[in-house]
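Should a chain be cited, it is by its letter among A, B, C and D, assigned in written order, with residues numbered from 1 in that chain.
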Amino acid sequence: MLGFVDRLFRSLDTVAEASSRGMAKRVGRRSVLHWVGTAAVGGAMVPMLPFNRAGMGTARAQAEKTDVECEYWRYCALDGFLCTCCGGSVTSCPSNAQVSKVTWVGTCQNPADSKEYLISYNDCCGVPSCGKCLCNFNLRERPGYRMGVHNDINWCMANEGTNYHCTVAAVVGLGQSGG
Amino acid sequence: MLGFVDRLFRSLDTVAEASSRGMAKRVGRRSVLHWVGTAAVGGAMVPMLPFNRAGMGTARAQAEKTDVECEYWRYCALDGFLCTCCGGSVTSCPSNAQVSKVTWVGTCQNPADSKEYLISYNDCCGVPSCGKCLCNFNLRERPGYRMGVHNDINWCMANEGTNYHCTVAAVVGLGQSGG
Amino acid sequence: MRSTFLACAAALTFFGSPALSQEEIQPETVGNVTIPAGTEMLFSVDLSLNHVVDGRVYVLDAKTMKLLGIIPTASLGMVHIPIPGSDIYVATSHLARTTRGPRADFVEVYSGADLTFKEEIPISTNRAQALNYRSLFWSSSDQKYLFVQNATPATSVSIVDLPAKKQIGEIPNPGCYGIFPSFKTPTRFATTCGDGTFGTIDFKADGTGEMKASGPIFDADADALFSGAFQWGEKWVFASYGGNIYVVDVEGDTATLTEKIPVSAGVEGDWRPGGYQPIAVNSATGIAYLGMHSKGTEGSHKNPAEEIWAVDLASKKVLGRAPSVPSIAMTVSQGETPVLFALDALKAEVVRYEISAAGQPFALTPAGTASSGDLADQVEVR
Amino acid sequence: MRSTFLACAAALTFFGSPALSQEEIQPETVGNVTIPAGTEMLFSVDLSLNHVVDGRVYVLDAKTMKLLGIIPTASLGMVHIPIPGSDIYVATSHLARTTRGPRADFVEVYSGADLTFKEEIPISTNRAQALNYRSLFWSSSDQKYLFVQNATPATSVSIVDLPAKKQIGEIPNPGCYGIFPSFKTPTRFATTCGDGTFGTIDFKADGTGEMKASGPIFDADADALFSGAFQWGEKWVFASYGGNIYVVDVEGDTATLTEKIPVSAGVEGDWRPGGYQPIAVNSATGIAYLGMHSKGTEGSHKNPAEEIWAVDLASKKVLGRAPSVPSIAMTVSQGETPVLFALDALKAEVVRYEISAAGQPFALTPAGTASSGDLADQVEVR
């Protein structure tokens, strides 16, 4: 097995390579941005039931929701355990878990300012699966042929410790309609 | 790791060695047989709750109970998953699991003839833990210093495939009061 | 017999030797149950997310719904179950220290007769550790090759030569994901791509090959195809987020769209397919079954079914709609009188549905349930 | 910061580069939470029997009952948590292929400060894979040695030298089980034996040693001692199936019974201790807490508690009885104002009980609960 840094950079290189050789040509900036820019639809946030024992009943992001609830606005494309229930925070892994080196993204609307933000979802890795606060929202989520917005895969894939533990949601930019 | 046969016979040898060097001297035939011969007490079969999601409510072996129920008479000292719920039978492991090479025993009263029978509990081994029909009865069960009647340990310990799957209950003799 | 003898021997060592009572009755022997040959088997694939290193397949008798045994799938392992009687394949990962340490990946072979482990074949460790989409792990039409989808997240497909018991190559399918083998050409498979094309890969005996892009087949923004697909004769049948069925022919050196069948267009209630395996096809009857939910919108594509719709692929007509458990994955048995199996996401059960006879109005009759495991997301029958 | 940058880099690769929007706000960075130094920690040890290869310890803040993190214990691993601040030790087994293949056993060292994995020390593979009895894995009084109970089923104890980071010996304790170290002599520990004696083992620097038997201390038929025990000053305190407390001194070259305290004799209702960790002692106050069930009989020794009884070990008096959740394991914090923690077997919760002040009538006040995991059977606090 490759070491941490090797593996990380091999992974990023091949992403770039894949991109230049394939995706850039195939997908291109237009389609993805256009599609990421699509306005949020609250109704899209109907949770998938078995993943929703923590957050059943409500169907859209709500301003008063806290970050330990599935309906918290940043979680609009999050499928996994909330790190806020696992000893972490909305943007921090628990003390003994490693931050994933690659992520998927979503664009979620913040009910507080009605703006859309680009959210990067890091998995936390290398310790047993947490099992708390399982959520599953899929706004603009797509299958693996749109890997950067796919959430049915283990994003600890490029880490040395590959075991999935939980997921955080960091704001990394403004969404299209907010820009 | 030692191979199957090596390990098996090492295990049995050391059992015998332990016995001659230690247990026979310490425990002796009298105390164990005397104590194994003690009459069954139905009231003893109050199940330990978390292990009893399959069999709550009844407190004693009942003639009409089937072998997929915790209260079936042979299970009076069984702690584990019933193989009858896992693709096996009361005396057979599922097709892809291995029979444990060592066992613990209990003496259970058969309500049909009111006789006591010596029951050998084999674990079935080498495949994932079954998770069905978890039962926990402890008639005459004792801590590990009475290893032959201890049920809080993995009896797949002497097998090549050590993972615990489920437990069967075979009649291997008559209990003292039946003899 | 031997094991029982030894077992007793070991146990009785602790008893001195109560030989007296031993002589009085014939001790029962402990062995193994035999699964009757020809038993129709149902496979509920449980990713066990709460204990993600300990995934497993619950193998059930498809008629009685009784558990026959459990096959391990370890860490987000993929399961491929070909034609009846054949071996069962698992592509998975093991960590040296259960939840930590170096990762090693294998194709594991289990007996289709008694579910016992037979052998393991090492594969590269970039296998996609994903939910159980059947399209991520498939076999060639002649069962000689296995294809494993990789993601680092850059995507590629590992080619495993089964007779040779080794991986012979790894072919990039950048921007694409999923494996849809040709039904005629063992060395050909297609893959769905993010730009709406299909890539077709013909590989050589040395495991090398290039991907050839088709023309536009779907729009991943407006009407994305679900990850999985089902066989209909010699074509692959896909469901789309927007409520269409795409019939794709991958037999040529590039894939072609042969049919696009609108299923819910013009129907009240914004009905859409949803879940992880929202479509199943009985190849003989040419009827597709779709798990449909109402009030569908962008992002609702994993919602469980409220109804199951039957669609005649030849006439392109919806034959009927039946209420359903909240299903996230479905399969249907092949042959004359198909039986449908659905994973109830809320009860964590697999439900057996008998289907009304051909000619009769479409209806589903529940005829048995069983636990599907902690968190099952794929179901297969054979 | 770095990881966030790389994360975005990787993700955004798939987006071409929407740099415009990136410039407009400062991206949040993803890091790790820090556990405040001196946090009182509660440890709920979950054997996860349904997924027995994936056992774990849920580490909670003992005051807020919030989860701090999870430490893996793999396959029926034992957990030893010494004095505050020290490392946390796990003695466990890993199979090469998760649920199959060769077994390897280790003592694993985790940081008591941030719960991170530090190192592993190989041990022999005959470790007792048992439920989590604290007496199966313990440390010497000077924290230099770890003692691991083995069973094949023949029993022995592995001696691990922590500074040397290796196992230095394996000493048979035939007919005996469990480890109760001397509080004064780091190279001495006792073990409970099936004939009602205690064995005392003094081992040499080379890891060899012989077991010396005490006189009769208990009767395993009539009044068996539970597997675990708690420290009271420099003595070990045991509960018995029949409802007695045994205080044992293991400081000499053979162990001696210093007190036998009948707890339920003469009390209506056949009250007995029950569960997996039915007794806990606060060393400073000399008060033992017992999880008691009524209608006790042969075989009821794992029944959960209906009440918790407080017993003054010096005066040998029952101070009081309090209703309790159905507890199968208990612990109590040390120091002046002890807090009691009980595992509710029915709800799979760990319950925090505040104890009435010294002098006040004994009472327990629930003050917080948390999930204990799937099937927890040991609880520790420090």
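Everything below uses one rule, namely that a residue touches a chain if its C-beta (ideal position, glycine included) is under 8 Å from a C-beta of that chain, and two chains touch if they have at least 3 such contacts.
Because the structure is a prediction, the values reported are computed rather than measured.
Without chain C, the rest of the assembly holds together as one piece through touching.
Taking the mean of C-alpha positions as each chain's centre, the chain lying farthest from the centre of chain C is D.
Note: centroid distance chain B to chain D, computed from Cα atoms, is 25 Å.
Distance between chain A and chain B, defined via averaged C-alpha coordinates, is recorded as 48 Å. Rounded to a whole number, the gap between the C-alpha centres of chain A and chain D is 37 angstrom.
Across the assembly, chain B contributes 11, 15, 19, 23, 27-28, 102, 127-129, 146-148, 158 as residues in contact with two or more other chains.
Each of the following residues of chain C touches two or more other chains: 10, 14, 50-51, 53-54, 72, 75, 95, 99-100, 117, 153. Those residues of chain C lying in contact with chain A across their complex are 49-53, 75-76, 93, 95, 99-100, 102-104, 125-126, 128-131, 133, 136, 149, 151-155, 172, 174-178, 191-195, 197, 213, 220-221, 224-227, 275-276, 295, 297-304, 326, 328, 345-346, 348, 375. Those residues of chain B that touch chain D in the shared complex are 1, 10-11, 14-15, 17-19, 21-23, 25-28, 31, 34-35, 38, 41, 43-46, 48-50, 76-77, 102, 126-129, 131, 134, 136-148, 150, 152-154, 157-158, 161-164. Across the interface of their complex, chain A is touched by residues 3-4, 6-18, 20-22, 24-25, 27-35, 54, 56, 59, 66-72, 110-111, 114-117, 371 of chain D.
Across the interface of their complex, chain D is touched by residues 8, 11-12, 15-16, 19, 23-24, 27-29, 32-33, 36, 85-89, 91-97, 99-105, 118, 120, 122, 127-128, 130, 132, 146-149, 158, 165, 168, 170-176, 178-179 of chain A. Interface of chain D with chain C (complex): residues 10, 48, 50-51, 53-54, 72, 74-75, 94-100, 106, 117, 120, 153, 374.
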